[in-house]
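Chain naming follows the written order as A, B, C and D, and within any one chain the residues start at number 1.
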Amino acid sequence: MSGSVYGNIFTISTWGESHGKGIGVGIDGCPAGLKIDESYIQTFLNRRKPGASKYSTPRKEDDLVEILSGVFDGKTTGTPISLIVYNKSQRSNDYSEIASCYRPGHADYTFDQKYGFRDYRGGGRSSGRETIGRVAAGAIANAILAELGITFTCYTKSIGPICIDYDKFDKETILNNPLYMPDSEAAQRAEEFLQQQMEQMDSVGGIIECKISGVPVGLGEPVFDKLDANLAKAVFSIGGVKGFELGSGFEASKMFGSENNDSFYADDSGKIHKKTNHAGGVLGGISDGDDIIFRVAFKPTPSIFKTQDTINNNNENIKVNIKGRHDPIIVPRAVVVVEAMAAISLVDLLFINMTSSMNKIRDFYL
Amino acid sequence: MSGSVYGNIFTISTWGESHGKGIGVGIDGCPAGLKIDESYIQTFLNRRKPGASKYSTPRKEDDLVEILSGVFDGKTTGTPISLIVYNKSQRSNDYSEIASCYRPGHADYTFDQKYGFRDYRGGGRSSGRETIGRVAAGAIANAILAELGITFTCYTKSIGPICIDYDKFDKETILNNPLYMPDSEAAQRAEEFLQQQMEQMDSVGGIIECKISGVPVGLGEPVFDKLDANLAKAVFSIGGVKGFELGSGFEASKMFGSENNDSFYADDSGKIHKKTNHAGGVLGGISDGDDIIFRVAFKPTPSIFKTQDTINNNNENIKVNIKGRHDPIIVPRAVVVVEAMAAISLVDLLFINMTSSMNKIRDFYL
Amino acid sequence: MSGSVYGNIFTISTWGESHGKGIGVGIDGCPAGLKIDESYIQTFLNRRKPGASKYSTPRKEDDLVEILSGVFDGKTTGTPISLIVYNKSQRSNDYSEIASCYRPGHADYTFDQKYGFRDYRGGGRSSGRETIGRVAAGAIANAILAELGITFTCYTKSIGPICIDYDKFDKETILNNPLYMPDSEAAQRAEEFLQQQMEQMDSVGGIIECKISGVPVGLGEPVFDKLDANLAKAVFSIGGVKGFELGSGFEASKMFGSENNDSFYADDSGKIHKKTNHAGGVLGGISDGDDIIFRVAFKPTPSIFKTQDTINNNNENIKVNIKGRHDPIIVPRAVVVVEAMAAISLVDLLFINMTSSMNKIRDFYL
Amino acid sequence: MSGSVYGNIFTISTWGESHGKGIGVGIDGCPAGLKIDESYIQTFLNRRKPGASKYSTPRKEDDLVEILSGVFDGKTTGTPISLIVYNKSQRSNDYSEIASCYRPGHADYTFDQKYGFRDYRGGGRSSGRETIGRVAAGAIANAILAELGITFTCYTKSIGPICIDYDKFDKETILNNPLYMPDSEAAQRAEEFLQQQMEQMDSVGGIIECKISGVPVGLGEPVFDKLDANLAKAVFSIGGVKGFELGSGFEASKMFGSENNDSFYADDSGKIHKKTNHAGGVLGGISDGDDIIFRVAFKPTPSIFKTQDTINNNNENIKVNIKGRHDPIIVPRAVVVVEAMAAISLVDLLFINMTSSMNKIRDFYL
């Protein structure tokens, strides 16, 4: 119940504020013998690094990760892994004037009400920089899953009204455009759209889609720790998320059972498949062996440069003009955060599933 | 991490199968001195009782709850509350023939794969009857919240393509139609629509909307135990849920920051409000004092009477004709289940928030 | 953090009061395919049943257990197991007069202070009858461990000043005397000693010793979830426990390193052993493959028939004469409770250990 | 269930190895508004610092703590606190030769068996240096408790056969001798005794006693999260602990009920007291308002300079001569570690107790 700790067996705890000494994460419950080094984790952090494109904050940070514990001779030891990224570019002065002001769409008001005061520098703990810890831990979760053949395809599905066309889906394209879209034409139009909104001093939202392949049948615990329920929490804990859906999602509410049910069939080799995947790879909260597919809706970045009405901490009505460095959209840099949280929540279920039957336990110990 | 236990301070653990001796729930962490009796809990159970209308399974069950522990002289004692509902109408024979068959859209296949075998009688543990325990526990959570002025308005927003009209919203209407819709005209059209699908031996999905009023500012723990993240998990753990959204939800992905941001203002009395509530009552994962508003998408009932293709547990391709007693739609009876899970997840955050500052702790103990 | 739930993967939650409708336990996280029936669980309950000898309360209870869920065709299904024992002989009147009185050595005072009031009938939730749930769950944990060759030898080591003589240790004797001592001569002397104290209207304490054999190397998680730390909590949660020690225990505080260190050696077959076992089978919180040996000190039964000074709930100084039915000693009936708690705490560590290295995880899934 | 995380509401997670970059701890669930700075935490760390006397390892470490997050303007913010102590003096070469050898009384063998390999430098994760994180977190827990008037008196009760004389108990003396004994004469004799054993290249054990005053009535959750059960686990998780007892402890096993029961009485002001405190301040697992008193037995330091028999990781019988820097006794430096773990486990119960009755919850929110 302590808010910054996530997981039961594979446990992560993030710490750090936007303008403190650094951001970090502790990972406990990582098995021994996993090959890990800083350069591998860095490849994940680089996907959320600021300043990578004109659509992300120009804040200059290399966000270089350092392993402080839990790795010996290039392998995890089974003991806690501590990772840190020091904050470099802090420019607190940008924020001094909003210390007393509650920015619309931000957590300034709720933090002050809950705690009595807050670290107002750059959003403090509620800053997007907190996700650095999640991504670093997610890289390790991803490494565990990769060894078992579980892989992620995570990308921007839409930005504002501009959505990808599945006929033009190209996995390679994802990492080759600043918006992480799998459709280069949609990416082009989205860039133009973003450019216009930036000129309007406004921001936009979007949708991230994630596909997880190679998941064995059986992950997920009935009834509360269902695979999809844990995914929903993991993903909804990311700032700016307003919606989560699995498989046919909200569309399922308009479908008939005869449409939405996925028929099972055995192929010639006797292998089991589903003719369709409206389930999104989860039946009764347990993975069915098919791809897990989910979508996440993000709201527009609350930090916009237009003048806004709000109040200050004396409850006086005021106008606020936000300065500083802000992304016009959260989505592209959030793609790797969504992937990270999904990986982290899957590892717990992968581990717990090992104890689901006496046959498995006997085979392990005898 | 044990799948049938939910919560950290206010903890519930449900047990029981569709055709076992009964269904029950244990509640630990309920404060002492709460007035509770069986008739109060029964009012919640009656909202999900089968056979209440022609749109729910004709299975005849009174689902009468019995309090086995934790209540003395009409008040909770602070010790575990055990509640049981005995199964009456079981008719296992209806299900015998599907023992070897994997029904499309059901958990038969995943349970067998995970556990090696399953209680195939009526879905066993994955049956909707498991939610009896949730609703009984939810009644108690609801009683705690009610004492603090926190109230729920939970209803059917849409059934298939038929959605309520907010101009015709009437709270009283909700309990006066079998579909729990707040718009009697929409309810009428939805009943006709349902009737047609039942004749087609098909089923339909729908959306439930829930509004929680009177929530104090400050509930929710950054960063993983955000109020909305916990709600998402609580609600997604209900069978048949495919989507969850808060406030502006998926629509937020198409909005501009200048539209979606809710401006704060102080009224003449100095009280704080938001001009709009796109946030759905949660900022940075913490309640902002406004109504909490969320929506849940349910898939169509997987049990349909049309002949379907599937496989058996010898991996042979077969046809299945489902018999027995099944609702053509999950949504109406699920309204109280959604309300229950929301109440249960809020109580944990309500309790943990009491320890968020030294001032509060000092005031309590000194 | 909810007091009546124990365990992380293999989770038990007990409920029920001495004079309520019954006592029960829910078990979640039990693997599927374990052969269990009521008669097996009953053999454990019979070891703590009241009225078995003149040294235990004459309260007549058969304490027959009933399985309510989680078992199908004689095997566990992997879903929650609910067990209940109905209370038969309640005689509340015995207790009515102590409703307003705080018995020395009992939890009456602390319960009233914590909760504002209490179920005063027979100690309510703090009654020894609560351990029925622990013993029933322990029977199931014991069955899991037995399949892996892990066995328990748990007995009364001393009653008051009378201690067993290890030269006369006979395992068969344990279940053949009402005090569960492995030395028939000591048992005889202890019975005479107890008889005298009962005539004095007094009670006595004692020590239980437990040996666990066949534990594989590697159970226990550094640093907080050490095997011995978890055992200590599990055992100290039993009412009346005042001390816990492992291996050389308190004696170790007077020993030299050269005495207390256990030298490792390899026998001709290359198998590893320790020349001694001062460690009690645990090194660095992890099982070392040797027998786990621990001792538990119990205080004398607080319910004595001598007149005692105390206060009532008006804070008035009064005299109290306890009536009703009370054991002159807790120890013999607690032997199976200690065994149960040890088994329950081991299962969690047995499961979690399966995820300690990537090699083990790869072998499981690939 | 992840071994290096402790606590439910007030959660700590330690990380770091003896010869890694540093040792640290994350603290989540610390209330906002607590005055904390590095110099305050340092006073606790200095009590376990090596090289402070000739009875502790000459390893030279200042063990200076640095606050990385969670504190702003000198007060905690309610968000995670990250503390780090960098390792300075590492001399890995001292340890290289024992990389392949399993030292008697150490965790070398069990770590290798559990994880497949280990960080062999100075015990790696099982080194006493891990306790730096506990002590730093304990300083913060202690600060919370101090604000509520809860104070600790923790000291060395005995070293080998030499025990303090309560008639000569002087609290001031504790911090004025290198062994942290409250009796200067006993301390003198203990120093001479230690000197002899060091000349014998041997080590000794001892007992730590801890008294906690000012604890309000009501802390502790029946039935598993009893105050004493949680204390037992917290203390037993410290390396080298072999025994734990509360109040009359093991002696209670030889007492009569009429001796061991503590009579309640009301003084002239109506305040409640116990005539004696055999209970050690806990009744039914709940604090009774009296001093909490417990004792902890430590084994002798396993690292001795005498030649010992053991095996290497090829299961060959060998002789080992341990070099390096080792305390001849663990006890004096462990005094502050015991105090830290006790404080940490109390905070959780202090917080959870705030939710034990509806009256308390209503008073808080309404």
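The criterion applied here is as follows: a residue touches a chain if its C-beta (ideal position, glycine included) is under 8 Å from a C-beta of that chain, and two chains touch if they have at least 3 such contacts.
What you are looking at is a predicted structure, and each value in this text was computed from that prediction instead of being measured.
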item	value
Label of the chain whose CA centroid is most distant from the centroid of subunit B	D
Chain pair showing more contacts of the two, A-C and C-D	C-D
Between subunit B and subunit C, centroid-to-centroid distance (C-alpha), Å	38
Length of the line joining the C-alpha centres of subunit A and subunit C, rounded to whole Å	45
Distance from subunit D to subunit C - Cα centre to Cα centre, in angstrom	26
For subunit D, residues contacting two or more additional chains	1-5, 8-9, 14, 29, 32-33, 78-79, 114-116, 125, 222, 352, 356-357, 359
Subunit D-touching residues of subunit A, taken from the complex the two chains share	1-5, 7-11, 13-17, 20-22, 24, 26, 28-29, 32-33, 66, 68-70, 72-73, 75, 77-82, 84, 114-119, 124-125
Residues of subunit A that touch subunit B when the two form their complex	1-6, 8-9, 14, 102, 104-107, 109-111, 113-116, 125-126, 130, 158, 160-161, 197, 200, 202-207, 217-218, 220-226, 228-237, 239, 241-250, 252-266, 270, 272, 275, 278-280, 283-289, 297-304, 306, 308-311, 315-317, 348, 352-353, 356-357, 359
Touching residues on subunit D, where the partner in the complex is subunit B	1, 8-9, 29, 31-34, 76, 78-79, 144, 147-149, 216, 222, 350-352, 354-362, 364-366
